Structure formats: structure tokens, C-alpha cells
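Dumping the structure here so I can ask a few things about it.
Here the chain labels run A, B and C in written order, and each chain numbers its own residues starting at 1.
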Amino acid sequence: MAELEVLLQVLFWGLYAGCIYILLATGLNIIFGVMKVVNFAHGEFLMVGAYITATVFFLSGINPYAIIFLSMLALIGIGAVVERLCFRPILGTSKLNEIFLSIGLIYIFTNSAAIIWGDEWQSIKSPYAGITIPIGSLTVPFDYIIIMVVTAAILCALYLFLKKTKTGREMRATSQNRKGAMLVGINVERIDIISFGIGCALAAAAGTLWVVSGQVFNPYMGSIPAVKAFAIIILGGLGSIPGAIVGGLLYGIAENGAAYYVGGIWKDAVSFIILIIVLVIRPTGLFGESGD
Amino acid sequence: MKLTANFTILFLVIVLIAALFAGCAQQAQTPAQPKEIKIGAIVSMTGPNSNIGKSMWQSAFLAADEINANGGIFVKQYNTKIPIALVQGDDESNQKGGQNAATKLITEDKVDILVGGYSSGVTSAYQQTVAEYKVPYIVTGASSPIITHRTDIDTSTVFHHCPTTDAYGKYTTNFIDQVIRPAVNKKFSFPADRPFRLALLYQDTAFGQGVQAAVNETITKNNLNIQLVSQQKFKMSESDFRTPLTVIKAANPDALYVAAAPNEGAQIVPQARRDVGLTTIFLAVENNDAPEYYKGIGQYGEYSIIESRFSPYTAPTGLVTDAQNAFKNNYFTKWGMYPDMMGASTYEGTYIAAKAIENAGTLNKADIRQALVDLRMPQLIEYMKDGTISFSKDFRESQFNHWMEQLYYNSTIGETRPKIVWPDNLKGTDFALPAWYKPGSA
Amino acid sequence: MAMDLNLKRDTLVRYGTLAVIGIAVVAPFLSGNLYIINVITLMLIFIIFASAWNLLAYSGQGSLGHAAFFGIGAYASTLIAAKSGISPYVTIFLGAAVAAFIGILIGLTCVRLKEWFLAMVTFGFAIIVQTITVSLLTPITGGWDGIASPRLLSPDIYGYQLIEYYSILAITIACIVFIYYVIRSRVGLAFSAIRENELEARAAGIDPVKYRLLAFALSAYLAGVAGALEIHHIGYITPEIFGVDLSFWPVTYVILGGLGTLAGPIVGTVVLTIIWDGLKLFGLTFGRYIIVGVLLILVIIFLPKGLVDIPTTIQKRWKQDTKGKNQYDLKD
């Protein structure tokens, strides 16, 4: 009985951790889906989003959840610049080139952040930090409920955007067939910028939620979550948003399960062990088609 | 064809370096009487440890500044005061960087003495260079005893001015046995021979494992009535501790000893109390006594314990109080922030280096080393055993006096502030169990 | 015309190579500075490491976790040398064999993967190896504390740094020559065929799986040699050797110098070492990384073949200018 209760809790922490991964992975998937670009520096956008949230919060003191819009907006801008200056010139050269370019971006973003904001660990406190809500046998902090709701809301909004708006339809068209999209008169370069921006905005949202939940952050925080997000989209299938969601949740749970059964040190390793096993069995990922 | 072009380039590049070398070769010439005394500070200015490295560098800088304001160090051999030149060696938080930095300081800058050193892994990487040139080195940041205990190389010039994991694990375990255990037994009318249920959550690195080993050893060696009901570990820089905390809660501990870095500890306490509902006494290792920790734990840190030797927010009343406050204020005036304990020991380390050179009366390295062996100088800003800084004969470790702090919530600042509760000669108040405290059960 | 140029260049190559080796040989005497010798020693080791990474990339496989092989070679050599008492000069080649063996195993899981899946798997592999080193293998690796590693030479030997430097220089040259012959051999031809077009390579009777595994083994072996050399030079090893930083450096060196060329890793490592340690003299800390990052991106965008391509680029410009704009050099 007690064992079951512990397991239930571990499962819940996994769900919560999964939210951050889902947002990151979905953003990556949009970028990959439309541009076929592999951006390993995606975690740096999470980090920048976290710092923007914290800075605005320190300066203005407004509700940090409201800052999510601001940090998303800022990252759309930063993302557009990065896309235009760095990724567009090498589009279509080689997948490896994109990875190498990302390494340069990681150096630049991490160390610029260290210069601008300092390299100390920082944290902020949510206005709801003290509130907890009992759910069954669990006592859950109110913040985590909000975070799950916000994640769900962002994903719904994204879904509606992709299905109902003209730009959203153009994005889907480009991701399905870039040449075809060009032929029917879609400005794919515009779509590239928008997709990259939206992908970055999702990372920024993840950064805001990271900060609001009281987790500490520093300039080096982004790399590991980003690589895990990659593992997730490989698992969940390239370009598949439902796959990213399922993969993100599975990862959150698997990691916490690993911490529970074999010890915390295995938390990162287990993500990659799963990845390697899956790829050995299915080189294209669990739900993936051929990718590109 | 492409290959050929490549080699042309290669050739040009190498010629360039050769020119560089030639330029460098011209410099080295040492005058008979040195214009300055060179103290090398090996610190992590870049990489993951850079925030601690910065604090260490700024503290050493402050100390050197103060000494130079008084004209420098008096060296008998030259019968004059010679100013200090502090030379920075950035170890980049990694072994290769450490090796390069140490070699440069030792062979090119030809420093007379070294201070600093943070990560034990990085420090180990250049220790052989230190040993080879027999440079006196005052290690002020690495907490693993291995620094002076390793036997594969000569460590006789290395002096450790920083408490080791052995020291704090032992100290905290004794506090639990002598203060918390009786308090719990008394409050809940338990029989005096009831085993105290202690849980341990530690970083899975040399640092955390060192604390874990020290706790286990102290319990067995002194036959303490403490039972370790759960020992969980986590990966360095982890931010989600809920799962190990859930496991610990299921083990029903009387108290939880956390061996973590401040950024981790600051999250463990809120996650334990708020998310997992662990209503117990938390004990933290000394490096958590830093502003970021107080900020992170917020009100959840109420009644928790920190083992300490240098705190941003309190100082035991006595001989060093003024000196300690002066250091904090001067540091704040100069750098606009407060120093941490690695800064405090590096500040002292610089003074120790100066004192050793003065005592030696010469810049001969063997004499400086001997002066460090014989050193007995009054404590500076931290409480030392017997009020004296001196290095033990066996492993050349200085002996710090620690104390235990309990944190009380201050609603005006919205954070907790420490009060010293142990040992008796330093304490300002008694250890108290909060009303919400629940003891564990088998 | 083209023939002439080639001939001229061939002599250039010969003289160039000789000059390079000559300078490397006399460098210690020119400088007489142990710090510089130490920097060059580490630089030589990283030339091997970067060349090893480059060899794998030459077969079309980009690894983001080469620190794994660097570290495995280092740990294996350290353990063999410490337990048996054999000279590290021998054990570096034994330790590297262990790295090569593991390289084949990881290569087996990778051969069917797309290029960037492979990058992910290798990245993760370095993390897995690190985790195993500090958990399951703690009894022999010393966990996070690390263990002392036997030195290449005892510091009691007079002038041991110079002997060490020359021996490492000799090993570096041997590695480069080895790679040169591999690339020029049928094996190298197969590597580039697979890289350029796997289907055509298959049609030409090349077994991609076999050659990919071979590339993995060779690359892991050389990376292992580099790792073992570094650790025996430093004298201590900790699991930080598997860090992301060490996986990214060879990539940075090679991309900057020129991917898939013999001289690329050498030029990249030399140039970056000069920049890196030069900027340090100016007291730059985080700024150094930013400069390297910007440089890397600029090279990727504007000099896709790396710094070694500068003469060709200049030559092309010059040719265009003299021949007039309406003539194109079809040969390139």
C-alpha cells in the first residue's frame, strides 16, 4: 500500500517534469518539421526565456505567470534573428553543419548570459508558493497544477493555430512538401522564420515555467534538457506533435522511475539508454517515418 | 591537390607560432632583488565553477590589496617591504585548463607561492607539477581530504586550509547525537535508548560521498545510537529531488542530513516540505551557508540546521567578529556582493602566504614551506581551533572550529536568518524543535 | 597548366611538411619555456584527438560524444599501467585497443542510423559511460575522486619534459602519417564513397556497414591514444574526462580547420590554441567562448571547407580577376 502511494507520487513528479520536456520537444519538432533543421542549441532559448522571466519579475514584480507572454514574444524575435543570420545561410547544406553551428550558438548564448546576468545560480518565488491542494493521497503544490494547465493551454493554442489559421496551414503545407508549398505560392522563407520563432517561443515558455516552479537556473542549465528533448522527438517520431507529447511524458516518468529504482545518478543515462535501445530496434524511432 | 594547399597553410601557421615563441623567449630574466612577490591564485574563472572561482579570486585580490596598502611583505633577506603581485591562473573548471594554468604560474610567472584550488578533481590534475617544482601551495577550496592524503606523489608542499568532508560529516553527526536525539526523545517521551532515525541525501560526487562515508564512519566508530534509515544520492546539478525525497519520506526519518551544493540544497528543502510533505529537521553542509541558499529555501527553511564556519548573516560573538564583519563590508564595498566561505578561506590563505614568506625571511621555496610547517599565527576572520592557524603534522590540514546554526523566519525580509545553537561557548540560543515537527517511526 | 601547378604544389607539400616537423622539433629550444612546451604538448594531443574525430567524419559519421573514447582509452591505459607496471608508452596502445573495441560496439548500434541520430546516440553514450564509471565501476576507477595515473616518464629523469614532448610529437606524426595512408588507401576511398553517396557506394561493391565499423574502430583507437597520452601526461584521471566540453572541442577544431582534410584538424587545433591561450593573456574569460563561437559560425557559413581553404578561395578570386568575369573555372 505504502509502496503504491510512493509509486503514484513518483508518477506525478514524472508528469510534472514531462511538461518542460513536452514544450521543448514540440518546439524542436515544429522547427524540424518545417525547416528540417537540427538545432542543438534549443536549450539555450529555454535558458534565455528563464532569465528574461526572472529579470522582468525582479524589475516589475508582476505575476511571473503573466511574464510568459513577454518571454515568448522576446524569443520569437531572438529566434527570428538566429534563423535569418545563422541557419538560413546553411539551409540544405548538410545536417551535420547544423549541429556544428549549434555548438557555436551554445558557446555564444551560454557565455553571453554569464556576462549579462552573472553565472550564479538564481531563483525566484512564485506568489502561490505556499498553496497546496490535496488530490487523493497526494498533496500537490498549486503551482504545479497551474504549470500543467498552462502547458496544456499552450499546446491547444498551438493546435488551433496550426489547424485554423492561414499561416498555420501554410506551415503544415511547408512541412509536408517544401517544393510543393513553394509552387503554390507560399513564401517558405517567411514560414521558416515564423516556425523558428514559434519553436523558440515554446522553449521560452518552458523557461518561464521552469523559473516559476521555483527551480534554480544558471547560464549552463539548457544543454541537458535540450538533448533530452531531442531524444524525445526521436522516440516520439520526427515532426509528430502527439509523439512529442507522449514521448515527453514517458521520459519524465522513466527518469523519475530510474531515480527511484536504481538511484539518481542514472537519471540522465537512462534517457539515453532508452534512446539507444529504441534506435537499435527501430532506427527511425518509435513512431517515426523516415524523417527526411 | 587540396592536400597541397592545406600544407601550405599549415606551414604558414607554424611559422607564425615559431615567431611567437621567439618573442616569448626573449623575456625571461630575473633580477637579483625582486620588485614584487608573486602569489599565484589558481581559481575557476570560467566553466561551471566560475561563481565560486570569482569569489575566491576577489577575496585573494582584497587581501593582496590590503597587504600592499601597508607596503607589502617584509622580507628579512632584503631588509625591505616588497609588494605582492597576485597572478591569476584560470583553471577553466577542467583538468586541461588546470594543468596549463599551474604550469604557466609555476614555470613562466615563476610564482613564489600558490593559493586557491577548488574542485578536487581539477586540483589533482596539476598537483604533480606543484610537487615537481616544490612550490608551496595553500589549497583553500577543495573539500576532499585526498588533496593532501594521496601517496602517489609528494604532497609535502601542499597545505590544506579548508575543512574537509571528513570534518563536517563528523561534526554534524555528533550534533545530531548530542542535541537533536535527546531533544526528540524528551519532547515525545521516547525511551533514552531509542535509535535515532537519520536519513541521508547526498550529491553523488567525491564531495557527497565523502560526507556519506564520514557519517557512516562516525556512527560505527563511536557506536552512536543512530540508525541510517535511508541513504539516497542524486546527480550533480540536479534540480528535481522529489523522487528520492519521496523514498526518504517512506522510510520515516527523524531528521534528514543533506550533503549538496547551495543551488541544490536551496531546492531540496522546499521540495521536501511543500511537495513531498516531509515535516522533519533538515541539516545542511557548511557550503550552503550562502545568500542564495537562504533565498531559495524561503520560509520552508524554518528551523532547519546548517553546519557552518563562515556565514553571510551571523558571526559568533568574540575575538574575530569585528575582523569578519570588516572583511564582509570591505568585500561588499569593493565588489558589490557578499563573499562566500571559499572566499573567506582564500582571503585567509593569501594572508597565510604573506605571513609564511615574512617568517621565512626569504623567497626560497623550501624555507617558505618550512615556515608553513612551523606556522602558528592568530586566527584571522574564521574561528580556528585554539584560536590559531597551524597545519597538522600528518596531513598539513588546518583545524577549523565549526558551529551549528538554526534558521528562524523573519517575515520582514521574507527569508530565514541563522542563530548559533551549538557548541555551548558560541551559541546565542538553544536548539528548538518546531511545533509541526513529526518524529519518524519504525 | 593544372599539371604544372600540381607539380609545384607537390614540392611545396614536401617542403611544408619538412618545415612543420623541423619547427616542431626546434620549438622547445626557441622558446626554452616550459609553459609553452606544456601548451604545445597538450596541443599535439588534441591534434591527434581532432584528427581521430575527423577520420570518423570522413566516413560521413559525426560524433558528439568522442570524449567517451578519449576517456575509455585513458582509463584503460591507466588501469593497465597501474596494475601491471608496464610503461605507459606501451599501455597507451593497449588502452586505445579497448577504446576501439567499445567503438565497434557503439558503431554496431549506429551504422544504420541517420547522421544526426548518430550524433545523439554518441552524445548520450558519453553520458552513459560516465555514469557507469562513477557507479558500477567505482571499485576500479575510484568514482568521482578519480585515480592517479602513472606518468609517461618519471620526473626524476633530467629534462623529462623535453623527452616527453618529443615522444608525443613522434606519436602525433605517426598518427597523422597513419591517417594519411588510410585516407589514400582503398579504405579511405571507400569511406569517402560512403560519405558522398551510400547507394552508389553499395552499387560499386562497397559494404557500408563494414567500412563504417572500421571507421569507428580506427577513430576510437586514435581518440583512445590521445586520451591516454593526456592522462599519463597530467598524472591523474577523473570522470570529468567524459564531459560535454571534451566532446565539443575536437568538433570545433576540425570545423574551423577544415572538415575531411588531413591538415584541417592540425590547422584548427593550432589556430584555436593560439587564439584561446592568447586571449587568456588579455584577461578574457567568457568572452573567449563567444569569440570562438562567432568564429565557428562565420567559418561554417562563409568558409564551408574551413581555414585550409583560404588559399584556394583567394586563388579563385585572383584567377577570376585576371581572366575576366565571363570566364569560369570549370575544373573546380
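Simple rule for what comes next: a residue touches a chain if its C-beta (ideal position, glycine included) is under 8 Å from a C-beta of that chain, and two chains touch if they have at least 3 such contacts.
All values reported here derive from a predicted model rather than from experimental measurement.
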item: Higher-contact pair (C-beta pairs counted), A-C versus A-B; value: A-C
item: Distance-maximising chain from subunit A - centres being C-alpha averages; value: B
item: Separation of subunit A from subunit B, taking each centre as the mean of its C-alpha atoms, in whole Å; value: 36
item: Separation of mean Cα positions, subunit C and subunit A [Å, integer]; value: 33
item: Subunit B: positions in contact with at least two other chains; value: 50, 204
item: Contacts with 2+ other chains: residues of subunit C; value: 134-135, 286, 289
item: Residues of subunit A whose C-beta touches two or more other chains; value: 114, 119, 263, 265, 268
item: List of subunit B residues in touch with subunit A within their complex; value: 48, 50-51, 54, 204, 232-235, 237-244, 246-247, 250, 262-263, 266-267, 270, 274-277, 292, 295-296, 298-299
item: For the subunit A and subunit B complex, residues of the former touching the latter; value: 2-3, 5-6, 9-10, 13, 17, 114, 118-123, 125, 129-130, 132, 139-141, 144, 214-216, 218, 220-221, 256, 259-260, 263-265, 267-268
item: Complex contact set, residues of subunit B against subunit C; value: 1-11, 13-18, 20-22, 24-25, 28, 45-47, 50, 88, 90, 94-96, 99-100, 103-104, 107-108, 120-122, 124-128, 131-132, 144, 146, 150, 152-153, 204-206, 209
item: Touching residues (chain side subunit C, partner subunit B) in the complex; value: 6, 9-10, 12-13, 15-17, 19-20, 23-24, 27, 30-36, 38-39, 42, 134-135, 143-146, 148, 151, 155, 230, 233-236, 238-241, 243, 245-246, 258, 261-264, 266-267, 270-271, 274, 277, 280, 283, 285-286, 288-289, 307-312
item: Complex contact set, residues of subunit C against subunit A; value: 57, 62, 64, 109, 112-117, 119-121, 123-125, 127-128, 130-132, 134-135, 244, 248, 251-252, 255, 286-287, 289-290, 292-297, 300-301, 304
